[in-house]
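Shared chain: subunit A. Partners: subunit B in the first complex, subunit C in the second.
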Partner chain A sequence: MKPAIETREISKRFGAVQANDQISLVVDKGSVHGIVGENGAGKSTLLKMLFGFYTPNSGDILVDGEHCRFSNPTDAMSAGIAMVHQHFMLVEPFTVLENIILGAEGAGLLKRACAEASVKIKKLEEEFGFNLPLDTPVSHLSVGERQRVEILKALYRGAETLILDEPTAVLTPQECDQLFALINVLKSQGKTVLFVTHKLHEIIAVTDAVTVIRGGKVITRMATSETTPDQLAEAMVGAKITRAVEAEDRGGAAQARLRLTNVCALSDMGHAALDSISFELYDGEVLGVAGVAGNGQTELLEVLSGMRRVTDGEVTISGKVTNTSDHMYDPIMLRDMGLAHIAEDRLKTGVVSSMTGRENAVLGYQRTNDFSKGGLLKLNAIADAADTYYETQDVRPRDPDLPLEALSGGNQQKLVIAREIARDPEIMVIGQPTRGVDIGAVTKIHDQIIALRNQGKALLVVSADLDELMVVSDRIAVMCDGKLAGIVPVDQADERTLGLMMAGDASTAEQQTQASV
Partner chain B sequence: MEFLTDLVLLSNSTLRVATPLLLAALAGLCSERAGIVDIGLEGKMLAAAFAAASAAAVTGSPWAGLLAGIMASVLLALIHGYVSINQRGNQIVSGMAINILVAGLAPTLANAWFSRGGQTPLLGNEARFTEITLPLADTLSSVPVIGDVYSNVLSGHSMLTYVAFASVPVVAWVLYKTRFGLRLRAVGENPEAVETAGISVVLLRYQAMIIAGILCGIAGSSLSTALGAGFIRDMSAGKGYLALAAMIFGRWKPVPTLLACLLFAFVDALQGRLQGVELPLIGEIPVQFTIMLPYILTVVILAGFAGKMDAPKASGIPYEKNR
Partner chain C sequence: MNAAPKISGVVSAIVLPLINLVVALLLSGFVVWLIGEDPVAALGFLIEGAFGYEEAIGYTFYYATNFIFTGLAVSVAFHAGHFNIGGEGQAMLGGLGLTLAVFWLGDVSPLLAIIGAIVGAALFGAGWAYIPAVLQAKRGSHIVITTIMFNFIASALLAYLLVGPLQRPGGQMPESSDYPDGIALTKADELLELVGISFEQSPLNVSFLIALFAAFAVWFLLRRTRFGYEMRVVGQNAEAAKYAGISVPKVTVIALMLSGALAGMMGLNELLGEQLRLIGNFTLGYGFVGIAVAFMGRNHPFGIVLAAILFGAIYQGGAELGFEMSKITRDMSVVIQGLVILFAGAMPHLFKRPIDALSARFKTRGNV
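This part shows the complex of A and B:
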C-alpha cells in the first residue's frame, strides 16, 4: 500500500536559518505516526509544509504515491490533509455547526447550508462517536470539546490524514484519554493521524511509528513497539539526559515562610477566582500548584506577588501580613522583603520585549542602590550585572544590546531567572517556569529550582505541566474552580489522581487530602 | 393638541436627521464586523457630500451626484483598506488621516472649482432628492392618529431616507442569513480561522470596505443633496463619530444600531425644537447648550453603557498571515 504521506528530502530555509534539512518522512496509511522533537527542531516548519502553509525550497511531497504541490491550505485540504492547530481555529461566538461549515458552506443561504450540513455531520458523528452540541456557541465549550470540533471540522471537509499539532498541551489527563480513544477510532475507520508532541509517553501510548527530528534533520524513524522513552529522549536531545534530581532532606523549618488563610479574590471579570484558599509553604520546600488553566492559578500568583488585592482572608510572608482586604504590599515592598517573582506571562509582566537584554536584566530592581543613584542609572553596574547573568545562565545570543524580542522564549526565561535569583531571595513565586522553553533548557531550569530549594529557599511553582511538577515539587497542590482540591505529597501523587482532582472529582480529592494529613 | 403636533413634527425630523446617521452607522458596522475599525466615517461622509453636491451642481442630476458621492466614499474606503489590510497599518491613524484630509481638501476643491468660499452652488430642487409623498398620504391625513402618523411622519421624506431604513433589514439579512455574512462575521472575530478554512481574508475585508464605502457614500450624499441643498464646509459636523458611537451603543448589531441612531437623531431633533423655546422653571436655554445635547449624550453613552465585550475580537488588529 502507498504511504498516506511521503516526503522526499524536503528542505526549507528562512534567511540564514535552515529550518528543515532534507527531511524524508514516510507515514503509512491507516497508522498513527508520531513526530517528536524539541522546540525549534523544525517540527512546525515541516507541518506547515505538509498542509500547504509554506512551500518547500526543494524536495517532493507525495500523497497516496502522487506528487503534490500545495500553494495554500486549501490545496492540501483537497488532497485530504487537514491540520488541527494547537491554537484552535474557531470563531468563539459561532455555534459548533457554523464553525464546522465555515468555508465549506455549500448553499449561499445559511438556512439551507445548515440543514444540508447537519445531516452530513450527524452521520459523521455516528461513525466516529462524537456527541457535540451543534447549536451551542463554541465559547461555551470546554477545551477538550473545542478540539473535537476541530477534528470533526476536518472530517467534514473529507480529511483522510489529520495532523494534530501538540494536541494534548491544553488538555487534562482525562481529556487526553478521550483524545487517544478518538485517535484509535479514527485509525480503525481507516484515517491516518500524524501526531506531533514533545511528551514521550504519549508517543508510546498512541503511535504505531515515530520519527525523531533534531536541528531540522530526521534523526531516526522507529516502530513504536521497538523503542523506549529514554531512547527517544536521547535521540531528541542528542545526549543522555537525566531528568530526576536527587532530593535532599528538608531541614526542619519551624515557621511557615508563606501562609495563606482563607484567601478569597476576584478575577478581572469580577467572578470569584479564589475561594477560601489556605496553605503553608516552608523554607527548603517546593510547593507545586497544578490545575487546568483558568482555575485560579493566575490570580493566586497575582495575590502573592502584590498585583491583586484579596477580598477576604490574609497572606502572610515571613511573618508579615502582606495582603488583606484593606492593605496590600506592592511588588516593590515585597521584593525588598526578599520575594522574587517569575511571572507566568513573561511578555506581559516579566519583561519589556522591545527593550534591550541589558535593560531587562535589572527591570524591577532599577531603583536599588546597586543600579541607580539619585534617579540616574549606573550604566556600568547594569552592564556588569547583565554580562554576569548572560554568562551564568548561558543566555544566547550573548549580546545584551539586542532587544529581548530577538531572543527565543527559553533565553528570555533564562535572563528572567538570573535577574530574580541574583538578589538571593527568601521566597520565590514562579509561574510556568518552562513555558516556551526548549527541552535542554527545561532540565537546567528544573535543576536550578531544586538547587534553590536545597539552599533552603521556599518556592511556589505554578505549572500546567504535571510532569514538571512531579519532577520539582515536594508537595503538589491542585486547584479546581478557585478552590484548593487538595495537597498531595509528591511520592503519593500520580497523574491519574491529580487529573481527577483537577477535573473536580470531589471524592478522590477528599481521599487524597486525608492521605496527605 | 399642540403637544401632538409637536410630537409629529419632532418624529418627522427625527427620521430626517437619522438618515445619514443610520447609513453611516451601518457602514461602520459592516467594516468593524469584518475587523477593520472605521473611524474615517466622518471623512468619507464629508467627501461624499462634497462629491455629490459638485456632481449634482454640474450635471443637474441628483443621481449623478449620488453616484459621485458613492465613488468618492468607496475610493477613500479602499485607501483605508489598503493601509489596514495590505500594509497592516494602524487603522485609527489611517481613519483620522482620511478625516483630516477631507476636512481640508473638500473646501479647497470647492473654492477652486466654484469660487464660492468653500461651498458648492445652491442646488435647485431638480438637482436634489426631494420629498416624496407616499401613496394615499393626502387622502389619509384626515384619519386621526394612524393617518396623521402615516402622512405627516412617514410620508414626505426623500428617497434616501427610505433607502436608509430599508438597508437595516437588508444588512441584517446579509449578515445573519447568508454565507457571505457568516464569513464576514468570522473574519472580524478570528481571521486565522477564516484563512485556514480556505477563504481569503484580504478579499473578504476588501468586500466589507466596499460595502461600507457605498453605505457611507449614500449617507454623505444625503447630507448635501437631500437634507441640504449643496455642500457647506464641515457639514458632516461630527455625524461620522456620532454614527460610530451609535454603532457601539448598538453593540455592533443592525437593529439595536437602528434604535441607537433614532435616539441620537431624536435628541438632535429635540435640540432643534428647544432653541428659543421658553421652558417652565428653567426659562430659555441658550442655544449653545441645546446644540451640545447630542454630543453630551454620546459621551454619557460611550462612557457609561458601551462595553468592549461585544466588539468583534479581531477588530482593529492587523492580520498577518505568517505569524
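This part shows the complex of A and C:
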C-alpha cells in the first residue's frame, strides 16, 4: 500500500536558519505515526509544510503516492490532510455545529446549511463514537471537548490524515486517555494520524511508528514496538557537547547569592505555575534550568525579577528577602541591588521594538543617575552609552537611531546583553539567551555567559535548548509541571535522564535527586 | 536589506497628509460641482476667506487655538497608549473651573484671576479625566466608553448649572453672568499695537501663544523628560514597561490627567478670550475634531500645530464660502470639514501602499 504521506528530502530555510534539512518521512496509511523532538527541533516547520502553510525550498511531498504542491491549507485539505492546532481555531460564541460548518456551509441560507450538515455530522458522530452537544456554544465546552470539535470538523471536511500538533499539551490526564481512545477509533476506521509531541510515554502509548527529529534533521525512524523511552530520549537530545570554556574554581564556599525557599506562584490564568520550588545559586556558577516550555520557567524568571509576586515561600537575593506573599522588590530596586534580567521573550518584554536603539539602551535603567537627573533625561549620556554598547557588542547596523525592529534578532539580543552587563551586576537572570538569534551569534553569547561566570557572577539560565544548557551550565535544574524534578551537576548529567525528567518520569527524577544530594 | 522598503520619515510626515488633503479637496470640489457651483471659485473663496485679510487670519488662528489644545490632549493620551475621546467633556469642565476661578478671584486682582483661571481650567479638565483614567488603570474599564459617557455627563452638568446656580440673574439663556470687567486675555490686535503694528480686530488672543507654548511643553515632556520616556514605553509596550519597573497604572493615570488638563485649557481661548462668560456647549465639537487634528499631525506637537491651522482655515474659510456662494450653506462647509477629517484624520494611511510601491520603483530605477 502507498504511504498516506511521504516526504522526500524536503528542506526549509528561514534566513540563516535551516529549520528543516532534507527531511524524509514515511507515514503508513491507517497508522498512527509519532514525531518527537525538542522545542525548536523543526517539528512545527515540517507540519506547516505538510498542511500547506509553508512551501518547501526543495524536496517533494507525496500523498497516496502522488506528488502534491500545496500553496495554502485549502490545497492540503482537498488532498485530505487536516491539522488540529495546539491553539484551537474555534469561534467561541458559535455553537459546535456552526463551528464545524464554518467556511464549508454548502448552502446560501444558514438554516438549510445547518440542517444538511447536522445529518452528515450525526452520521460521523456515530461512526467515530463522538458525543458532542451540537447546539451548545463552544465557550461552554471543556478543553478536551473543544479538541474533539476540531477533530470532528476535520473529519466533516473529509480528512483522511489528521495532524495533531502537541494535542495533549492542554489536556488533563483523563482527557488524554479519551483522546488516545479516539485516536484508536480513528485508526480502526482507516484514518491516518500524525501525532506530534515531546512526551515520550505518549509515543509509546499510541503510535505504531515514530520519527525523531533534532536540529532540523531526521535522526531515526523506528517501529514503536521496537523502541524504548530511553532510546527515544537519547535520540531526541543528542550527544553531549564538550564544554567550550574550562570551569574555574569557585574559591571557597560562598554564601548563596540567590536562595528560593518553597516558592509557589500562580500563572496569569490563575493556575499553580510554581509548586514549592527550593534551590540555591552561588557566585561563580551557572545554574541551567531545563524543561519543556510552559512548565513554570516563565513564572520562575518573573518571580526572580520582580514581575510576579509569589503566593508562598520566599526569594532571597544577596541576603535580602525580595519576594514574599506580602512584599516584593520592584524591578528597579532589584536592578539597584545588582540583578540584571534578560527577558525570555525579547520582543514582548525585553525591548520596545518601535523605539530606537538609543531609547532601548536605557530601558530599565532610565531612573539611574547616569541617565536622568531631576526628571530630565541626560540625552548625551544616553547617546554615549548606546554608542558604547553598539561598539562593544558589535551591534549592526551601527545606527542607534534606527528603531529596534529594523535589527535582526541576534543584534537586538546583543544590545540587550550589553545593556544588562553594563552596570556590572552581581547576579543575572537570563531567559532563552539565544532564542531567535542567528547561528553566528550563538557561540559568542555562550562565551559571554561563561566569561561572566568566571568573573564570579551568579547566573541563572533558562533555556528550552538542552544542548545550550550542557554548554554553559555548572548544574542543570529540570522543571516539570511547576516542580523541580531535580538538579544535576553537568559532569554527571546524562541527556537521556534529563530528557526523561523533563518528560515527567517521576522514578528517574527521584533517582537523580538522590544522586545529587 | 529589508524585503519591504520602508518609506522615509519625510514622505510619511508630509507627503501623505498632503495627498490626503488634496483628495479631500477634490471630492469636496466634486460635491460643489454637483450642486451647481464652480469648484475652483469655491476653493478661491475658501482660501481668501481663511487667509485673505487680517480679520480672516485672526479668525483662522483663533479656531486653530482650540484645535491645538484638543489635538495635544488626544496625542498625549495616545502616546501613553490610550484613546481619550473625552476632550469635549474635559473642555466643558475646564470652562467651568475657569469660570469659578474668575468669579472667585475676580474682585481680588485681575492678574490673580487670570492665573487662577488657567490653573482652574487645567485642574478641572484633569479632574474630569481622572475618574475614567483610574477606572481604566485599576479596573480595566475601557477608556473610550467611559470618556464618551463623561462627555454626556459633563454636558448635562453644565446645562444644569447654567439654568440653575450659575445662570445670569434674570437671564433666560443657559449662560453665566459676564466676567468682571478687565478680566480677559489680551487680544492680538491690542498686543500688536503695543509693538506698533496695526492689526484688524478679531477674536484672536493671547491663548494662541499659550497653545504654542503648550505644544512646546508637550514636545519637551515626550522627548526630554524621564516621565515622557516612561509614558511612551507604556504606550508602546506595557509588558516591557513592567520589565523596566515602570508602574503602568500610575503612568496611565498621570498621562490621561495631563491630557484632560490640555483639553480643559481650550476654555481659555473660547471663554476668557472671546465670550467672557460661560455658555452651555461652548465646546461645539472642538474636542472631537481634536482627534482628527492629532491623527493628521501624526501625534507630533509640531504636526498638530500645522494640522490645527489647517482645520482653523477650513472652519473660517468654510464660513466665508457660505456668505459668498448662495447655494453653499453652512452644512456644505461641514461636508468639506467632514471629508478632510475622513481622509486626513480617519484614514491617514490610505495612500501609504501606493506611495510605498511608487518610491520603491523609483529606488530600483535609481539603482539600475
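Heads up, the rule we're going with is that the second predicted complex is superposed on the first by the 273 of 517 C-alpha atoms of A that agree within 3 Å, B and C clash if a C-alpha of one lies under 4 Å from a C-alpha of the other, contacts with A are read in each partner's own complex, and residues count from 1 in each chain.
Quick note on the criterion: contacts are C-beta pairs under 8 Å (C-beta built on N, C-alpha and C of every residue); 3 or more make two chains touch, one makes a residue touch a chain.
Being a predicted model, the structure only gives us computed values, none of them experimental.
Using the contact criterion defined above for the overlaid structures, shared-chain residue A:M355 touches subunit C, although it does not reach subunit B. In the superposition on chain A, A:L162 makes contact with neither subunit B nor subunit C. Of the two partner chains placed around the shared chain by superposition, subunit B is the only one that A:P73 touches, whereas subunit C remains out of contact. Using the contact criterion defined above for the overlaid structures, shared-chain residue A:V429 touches neither subunit B nor subunit C, since it reaches no partner. When the shared chain is aligned, subunit B comes close enough to touch A:E92, but subunit C does not.
Every residue of subunit A that touches subunit C in the complex is listed here, in rising order: 305-307, 330-333, 335, 341, 343, 348-355, 359, 363-364, 366-367, 372, 375-377, 379, 406.
Residues of subunit B touching subunit A in their complex: 176-183, 185-186, 189-190, 192-199, 313. Within the complex formed with subunit B, the subunit A residues making contact are 72-74, 77, 83, 85, 87, 89-94, 98-99, 101-105, 107-111, 113.
Residue ranges on subunit C touching subunit A, taken from their complex, read 2, 6, 224-227, 229-230, 232-233, 236-237, 239-240, 242-245.
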